[in-house]
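A, B, C and D are the chain letters, set down in written order, and residue numbers restart from 1 in every chain.
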Amino acid sequence: MTTKLTTAQMAWRAAQDIDDGAYVNFGIGLPEMVARFQPPGREAIFHTENGILGFGKAPEPGEEDWDLINAGKKAVTLKPGTAFFHHADSFAMVRGGHLDVAILGAYEVAESGDLANWSTGPKGVPAVGGAMDLVHGARQVAVITDHVTRDGKAKLLTRCTLPLTGVACVTRIYTNLAVIDIADGHFVLREKLPSLSLDDLQAITGATLHLTGPVGVLIAPEL
Amino acid sequence: MDKTVATLAEAVAGIKDGAVVMIGGFGGSGAPVELIHALIDRFLATGHPGGLTVVNNNAGNGHVGLAALIEHGMVGKLICSFPRSADPVVFTETYLAGKIKLDLVPQGTLAERIRAGGAGIPAFYTPTGFGTDLAKGKPVEVFDGRPYVQERWLKADVALIKAEVGDRLGNLTYRMAARNFNPLMCMAAAHTIVQVSRIVPPGGIDPEQVITPGIFVQTVVQVPHPAQEEDLNRAKAVYPEINP
Amino acid sequence: MTTKLTTAQMAWRAAQDIDDGAYVNFGIGLPEMVARFQPPGREAIFHTENGILGFGKAPEPGEEDWDLINAGKKAVTLKPGTAFFHHADSFAMVRGGHLDVAILGAYEVAESGDLANWSTGPKGVPAVGGAMDLVHGARQVAVITDHVTRDGKAKLLTRCTLPLTGVACVTRIYTNLAVIDIADGHFVLREKLPSLSLDDLQAITGATLHLTGPVGVLIAPEL
Amino acid sequence: MDKTVATLAEAVAGIKDGAVVMIGGFGGSGAPVELIHALIDRFLATGHPGGLTVVNNNAGNGHVGLAALIEHGMVGKLICSFPRSADPVVFTETYLAGKIKLDLVPQGTLAERIRAGGAGIPAFYTPTGFGTDLAKGKPVEVFDGRPYVQERWLKADVALIKAEVGDRLGNLTYRMAARNFNPLMCMAAAHTIVQVSRIVPPGGIDPEQVITPGIFVQTVVQVPHPAQEEDLNRAKAVYPEINP
């Protein structure tokens, strides 16, 4: 029985790829956790859609200032060098290619790089937020997601079945089982859990996993 | 020239039935709660204004501010990016009952459309939304080999804005991330109404630090200790209070 | 012999139409002089393309700060309530319809409202500046100009002969002989010097002057 | 992260032959005179970079700054709105001799094209220039009954910027109307090089007062008492001085 990565371990793994000095935007939810695992000695700068660059960690409970929040409406703090700006300037940063990395959640990712992460279908109240903007503009668009749905269905597919967030936009996927790049319309396996065979991983992946070199070992510390 | 008025009631007196009203804020941060409540007061007293089209990033939270505006049936249509919140019950029920129309716009496109409205740019192209349901029916053009969606400007009759410091000329500063959509909406509305925590004489704001120059502002009203929507919701507030 | 208005008197006349609280942009040269004649009790706010709203008069010689200049690169001063902003915001004010009045110079104006004020033809170095932006967006675009050229040729024409700055944009013309509105593709005479006959004015005007009511008396104080 | 470098020479070392270089300023106000002169020094020492395409509102004044860059034959093409000044002799003679190309753009369109380049907007529509020679050949579209000209974004390889205060993260403030094109050009260049009068530690600029957030800046160099182009010209300065 394979021990999947925990969400914290997935976030840790994604954090290892963020360079010193990188400008990063984290989607709401699991992607936000990546900020916690910034490797020592590296200083990435965090961007939030609602107009802050270079914010710090969450305040202590009771210390919140509700004019100092992130895109998920959670309280954050100032750091030396923080800057405030309005929403059009904020999305100029996004759309204009100034972010190095955006890390987002996903319902489905296709081998083409298509992403579906905003709508599970026509029922209920639709909501999109900044997801469709974030998938365009950041130099790298990474997804962090469980490898399969709660029902065990593949989330990595030849083609998305849910409404798209963006076309051909995802460049890397961090799952609880593997790290996969998207290149030339293919999933390229970079790392997998050592206890998991390639065949078993392929069996729960909805499109072919390509290999372009040795597959690395996906490991993360206990967190 | 003096753009200040003495009361919230006076500030919102001119808003007409069916008006397109931009409301600043991102969630509760930067939301002009007192201006919205003054508009509700007017509606409760006079039955007007109704049938509003509201432009906001969200759709209200709890039973105060924008949520209360919707709960009182004053909003016929909402243009927003993310109609969800910690307590979205008012919008959700109104929407699922078919009593409010929703025009969902990606957040960056919403911001840019508002800026375009203020800047006299009737249309622009963006990569955002290409190939998705939200771009269906919109013109697409390829530039340098990449497809882009054409989006139109967004203008309003009125903007309701929360700022921090203002002067009688309409110059404004904001408070931290409460800035968000507010400066853009100031630009895009024919009549911009601003609540500020503090009015200072002209020159009281360093000219380097003016975020919204007064040319974009028509009315300024002082609200010294504005409510934070998040605090109201944590206190389970409902507007207007039944037992005040 | 008719005594034409001096440039100062033309500027004075134009200034009388600027309301209290109006946002105004003055073109380089003669239009700048209008700022000097703001009627007492009225406070108009002056905009300059290079990013100042609400600037004050020229400083004393030797007191200039060359980071505080107008579009004509002349030094100005601060006033309480001045605001600085960048060039895109500045032209958002222009293009976005936020200025009440732009007052510009002209080589030629056509009865259609077409304006030619940036190029005298293909020779030399062409330069346009902000003129083409200013003619669109301001609620009223007024021109201040001598009624005829130095050679006595008409500047108010049925059709401009020089390269256009903008199409159907001018709404009012202040000359040294008359005040003329443009409405529905016609010159409508509003005021003329009392000593000048309508026939004489028409003779030096390149398109028909229409009358829609009594013609006012154009007078200005000695300045 | 530290974007500061110690010398002007280091700051401009990476600019390549044929680069598109945006240069901030409106006339002399906000012009990065010392960065331009450092680039001339490099050219005099190495013969590079040449064949530059420069984007600036003007075309230089006298024989310093941008005028000197042109005078040394480093500029193959200029994109600007107003190539005139008190002493335009350098550009005028170079242009009339056919040694420099000129792309004339209305000033507001120039500003908006640069902002669009920085904001990821490949094209937009403006009323400016419709029906004039400067819009010839450009697509026209009618919105709400009014014709508009389609304009494309403008991007650069490098921007040379003058700011007032900066920190190692690249956050910037400007001085009065020296702001002008500078913040826009920071956004539109792949590599933005800024001279500041003063470098402060992060936090030394109030987060409310940051005009250019550091994300738009790659290199910062301190020039404590920058020359004002207007003062140099009144002193009839020529760069480099023949008798220093």
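In this text, a contact is a pair of C-beta atoms (placed from the backbone, for glycine too) under 8 Å apart; a residue touches a chain by one contact, two chains touch by 3 or more.
Predicted model, so just to flag it, every value in this text is computed and none were measured.
Using CA-based centroids throughout, the chain positioned farthest away from chain A is C. Taking each chain's centre as the mean of its C-alpha atoms, chain A lies 30 Å from chain B.
With centres set at the average Cα position, the gap from chain A to chain C is 56 Å. With centres defined as mean CA coordinates, chain D is found 36 Å away from chain B. For chain C, the set of residues that touch two or more other chains comprises 84-85, 88, 91, 94-95, 136-137.
Listed for chain D are residues 112, 115, 119-121, 126-127, 174, 176, 207-208, each touching two or more other chains. All chain pairs in contact, by the document's touch criterion: A-B, A-D, B-C, B-D, C-D.
Chain contact summary for the complex, chain D toward chain C: residues 26-30, 57, 81-86, 88, 91-92, 95-96, 102, 104-109, 111-112, 114-115, 126-134, 174-184, 211, 228-231. On the side of chain C, the complex with chain B involves touching residues 20-21, 23, 43, 45, 47, 53-54, 78-85, 88-89, 91-99, 136-137. Note for the complex: chain B touches chain C at residues 1, 115, 117-121, 167, 169, 171, 187, 201-203, 207-208, 210, 213-216. Taken together, the chain A residues at the contact with chain B in this complex read 48-52, 64-69, 73, 84-88, 90-91, 94-95, 114, 119, 124-133, 136-137, 163-167.
Across the interface of their complex, chain B is touched by residues 112, 116, 119-127, 141, 143-144, 146, 148, 152, 173-174, 176, 207-209 of chain D.
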